[in-house]
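Each of the next two complexes has chain A plus one other chain: chain B in the first, chain C in the second.
Our next item is the complex of A and B:
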């Protein structure tokens, strides 16, 4: 092991592992968006703003109302799940028969709305929940516990969604609708209800992400603008609605960001990742795992 | 609109409108009002550029990127190489066009449309924003960037403290945008793009070169948006990633164009008037307390408009007028040119 570590640059290894940890969180973000897209055929441009609202929810429950983290987190997840359902009911439902791009633009309006809502109500100050998790030191490498926790929680969240989709009736119906929207109505599935449930699950995943991200980043009304684009890129890179593709793309993206950041600033990691994305659009435009037609 | 059929009436009406608009700064010299008018003209031009693609279903969320390239390349060339904006702007436009080709070609070649296209172009505005922030040693990052005030000729530096000069300049640019819009509206490209937005495969089968047509309109739109960015930079003498690039600006363009009306020439202008006046009124009425309120109202309005008035304010008003004149229209009023050409082409 010692010899291996000497040959292998220790910082490189640290960056690789940090990339994997980041990938877990990104995969969670991508899962929610992919679920909504796969089932309802709608892109929530405001997805990251839901996370932002969830982070504020965590901040208020934890720091202002002094609830323990383990109570605040489920409440926050429920809150964002309700927001997701509300978003579907108020904005998407009336537009289901409109051109798909209108739905995307309408959620763009919601993005503006939520962002300014946060500015007006919470102010533009950066807020921190003030949980300082220790740094884990393995040899000469350093990992933050927050990232580790987020990685594990993201994996648990993803497995929970997987089990739900595979083992329950509603989950089966959701997967069936994702495969064929028209037929399932004839099979007696209430699409309205399924859409609402899916939106709530999508919201819940955003809520879970909020609970985890709040441990790593300060909350401010514009944080969605830094989370959102990466999430969309991952979903497109993996193929919109393709769960496995999104999963693979998350880790690939996270590694590029992490390793790119190793050689220069973190922003250059993002620039590299975006460049990689454009390159992949030439090579695999329908997503990483898409079959070539 | 009783002058609809008269061949002389329209040019006269246009000439009168042009003279009235050009005369404004000489009659009313209030610098604040002129400033608002200049902003409205510049942003109207940007929104018009966006709507040239948007009306054909090419919903780009990357125009913030083109605008950023136009503004930053011009300013960087001026500050670092001392290159006059008269040469810098063409270079910036070429950069934006290359960017549009790089993103547009794979999208159109591989039939990336709808959601996918919107998200891919979203990536573009994200990239431009990140690059501007990451190269903060040159661009000042998120703190913004100021083109150096010239010590020599103001004309050469394309700088001026005179609002009247800027008003007239912005008016010319805005009118140019409308001319291009109308030119595209009456060209073959418009029919081709209409066919493509209805059904790509059918259009391709009918002999339309889908990729080339889409690329043409995208590059044109990107060029104009970059020009808007450069003009904005030269006028404001300050740019930051938040005011000329990124997703916020891209969505703002979409919002204004949709609210005003995507399918009519003056729609984006109406959108710019509404959005800028709303923001200014809130700012004056409530001062710093109004921070965020304008976007709160924009957001709610955008959702309401897409649900209830997808043709926008001007589009819907023109529809009403048309309905009143012709009781049973078979085609939407937003597409008068197509209705005309179709009725001329088909035998009675």
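Our next item is the complex of A and C:
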């Protein structure tokens, strides 16, 4: 019993809170991808690479051109939003009526293109903006402000997307198209324009993630290898296109990684998280919060 | 001039042309494999490539070796073991190279060495260190002038044991140590050395754990380290996992007496400094000594001018970059091949096939100071457990002190005593 109680110490609490903060980071990553899939019904395999380009944008604006962070961040969000719209215009739109596998392969091709593009243009060196945010200390527990910021941004982003979708005309049109893309054309909605706006918003959310990730990670052409697979798993776990599901899945996944890593080897945390994912794919293949048909 | 004499002249002239043509035809094709893209590239592999290329270009400019032109064919392993193997096979079977050189990552070396062995081609490993590449495999054609990974842990623990009482204020048996490593062949091998060294000195190992270099979060590991309260952390990683771990350690308030990094990402000081700022001060790294830190008086007199040449060529290739130990490592090991193995294979063993190169490699017998890296060379014979390993190679422990790399261990190479423990008030110091 004593041994059992020993694990309920301050470090357990720290791990739980760090799991929540990691969940915030993952939720932020999943937000834009879910929006794109929910509306356009296309999975951007290259989503993490858009974030990588955004991180490079932040690095150059902040570290090379010496812009203040708060000026560089909106510019970076706009840059990735434009990139998202461009991606839709050049790659997705011509393939909208193609089989899903073609769309996947095309965005997969963009993934390799962006990785190679970044390697050629930016080089293979790891870049770092060198910003050290203060640390929040509560007793023996310490937390990262960068992760707190990401957590808050994920919450705000989630609420903002929700309000936009529910309360604005464009948002309503986006939801309507997500429900039935054929009928909306007959009702006079310009689906091309709506898709372009949605892609730009998805890109902007990737840009927002880039502005915050650059405070936590080095930038290099292959950072997508670290964050991309987890982002997809979370979106699928929550139900592709389901914002709330993605949000819940982010925190569940992060807590399993954090607590699994604390009680066993760190690698087991990831094994458990992926095991949970596989199990849920059997139990709830349409996602955690999918309605039963 | 009689007709006969004119004919004789013509014959000799033709013969000369044929011989000259043959001499020009004689060349050694070398497949050179490093990671030029992917995470390992920035973690040190591209610097290793630069060092090897500087040396290959140097010998090409010299007109080759013993009448053989040198034709390098460079390949990118893309930081992936499967690509490394495929490239090695492609170079041998399609490009028809005579031998292979390079290989940065141990995760690539272990399978690639086994594959190249089956192709009966000579393989000269300039970089990867894992013991698993050679241990108990009795490979015939694979040679590694580089230090073996198990010696890294020995160097790290020997140094800490030596200064435990005098600088850390604890007997070795009371010292709490944590061993943290990336979970590839490189990290696992070095961690084994750390564990064996800790056992030898009686350290109390409070945590030993591996992690994937692509893990997006290491906060749980930092929390465990805080709970385990180690005095010293032995860490083996590439980059950017090193910066991720140390950044999260700072954010979560991890405090220790020393952090002993062990090669790879820790030997790329520019990147450590960029990622960690002042927190990179007083970190350690373990690798063969930087060729620019060796004592010129202890070296073969032919070597200091070559070291200068490598430095000048590197400065020209990468203006403003600091001279990383990685560059000198591959340059020295390539130089060793072109001066001590290739000429002997050609002159004594009649060619450049795998067998001739193998015999020439086994003939090499250099005392300490015989290479730019300070150590000597003698390869273990095929019957030995570590067949193909340079048994005279040893690493040194280097510490970054106020922007300078200082060799602090072993005592025979020591430029200054290590700064231990971490100075009070610094980010990771528990003082």
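Definition applied: the second predicted complex is superposed on the first by the 279 of 293 C-alpha atoms of A that agree within 3 Å, B and C clash if a C-alpha of one lies under 4 Å from a C-alpha of the other, contacts with A are read in each partner's own complex, and residues count from 1 in each chain.
The criterion applied here is as follows: a contact is a pair of C-beta atoms (placed from the backbone, for glycine too) under 8 Å apart; a residue touches a chain by one contact, two chains touch by 3 or more.
The structure presented is a predicted model; accordingly, all values stated were derived computationally and were not measured.
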item: When chain B and chain C are modelled together on chain A, clash or fit; value: clash
item: Touching partner for A:270 - first (chain B), second (chain C), both, neither; value: both
item: Which of chain B and chain C A:180 touches, first, second, both or neither; value: neither
item: Contacts of A:119 with chain B and chain C, given as first, second, both or neither; value: both
item: Which superposed partner A:217 touches (first chain B, second chain C, both, neither); value: second
item: First (chain B), second (chain C), both or neither touched by A:225; value: both
item: First (chain B), second (chain C), both or neither touched by A:128; value: second
item: Partner chain(s) touched by A:142 [first = chain B, second = chain C, both, neither]; value: second
item: Partner chain(s) touched by A:190 [first = chain B, second = chain C, both, neither]; value: neither
item: Chain B versus chain C as contact partner of A:257, first or second or both or neither; value: second
item: Stretch of chain B, among 42-50, 96-104, 114-122 or 132-140, that runs into chain C once the two complexes are superposed; value: 132-140
item: Doubly contacted chain A residues - partners chain C and chain B; value: 116, 119, 124, 221, 225, 230, 265, 267, 270
item: Of all residues in chain A, those that touch chain C in their complex; value: 9, 11, 14-15, 18, 21-22, 25, 116, 119, 124-128, 130, 132, 135, 137, 140, 142-147, 216-218, 220-222, 225-227, 230, 254, 257-262, 265-267, 269-270
item: Residues of chain B touching chain A in the complex; value: 57, 59, 61, 102-103, 106-107, 110, 112, 114-116, 118-120, 122-127, 130-131, 133-134, 246-248, 251, 254-255, 258, 291-296, 298-303, 306-307, 310
item: Residues of chain C that touch chain A when the two form their complex; value: 36-39, 41-42, 46, 79, 183, 209-212, 214-221, 223-224, 226-227, 239-240, 243-244, 247-248, 250-253, 271, 274-275, 277
item: Contact set on chain A toward chain B in their complex; value: 37, 43, 45, 91, 94-95, 98-102, 104-106, 108-120, 124, 221, 225, 228-230, 232-233, 235-236, 240, 265, 267-268, 270-271, 274-275, 277-278, 281-282, 285-286
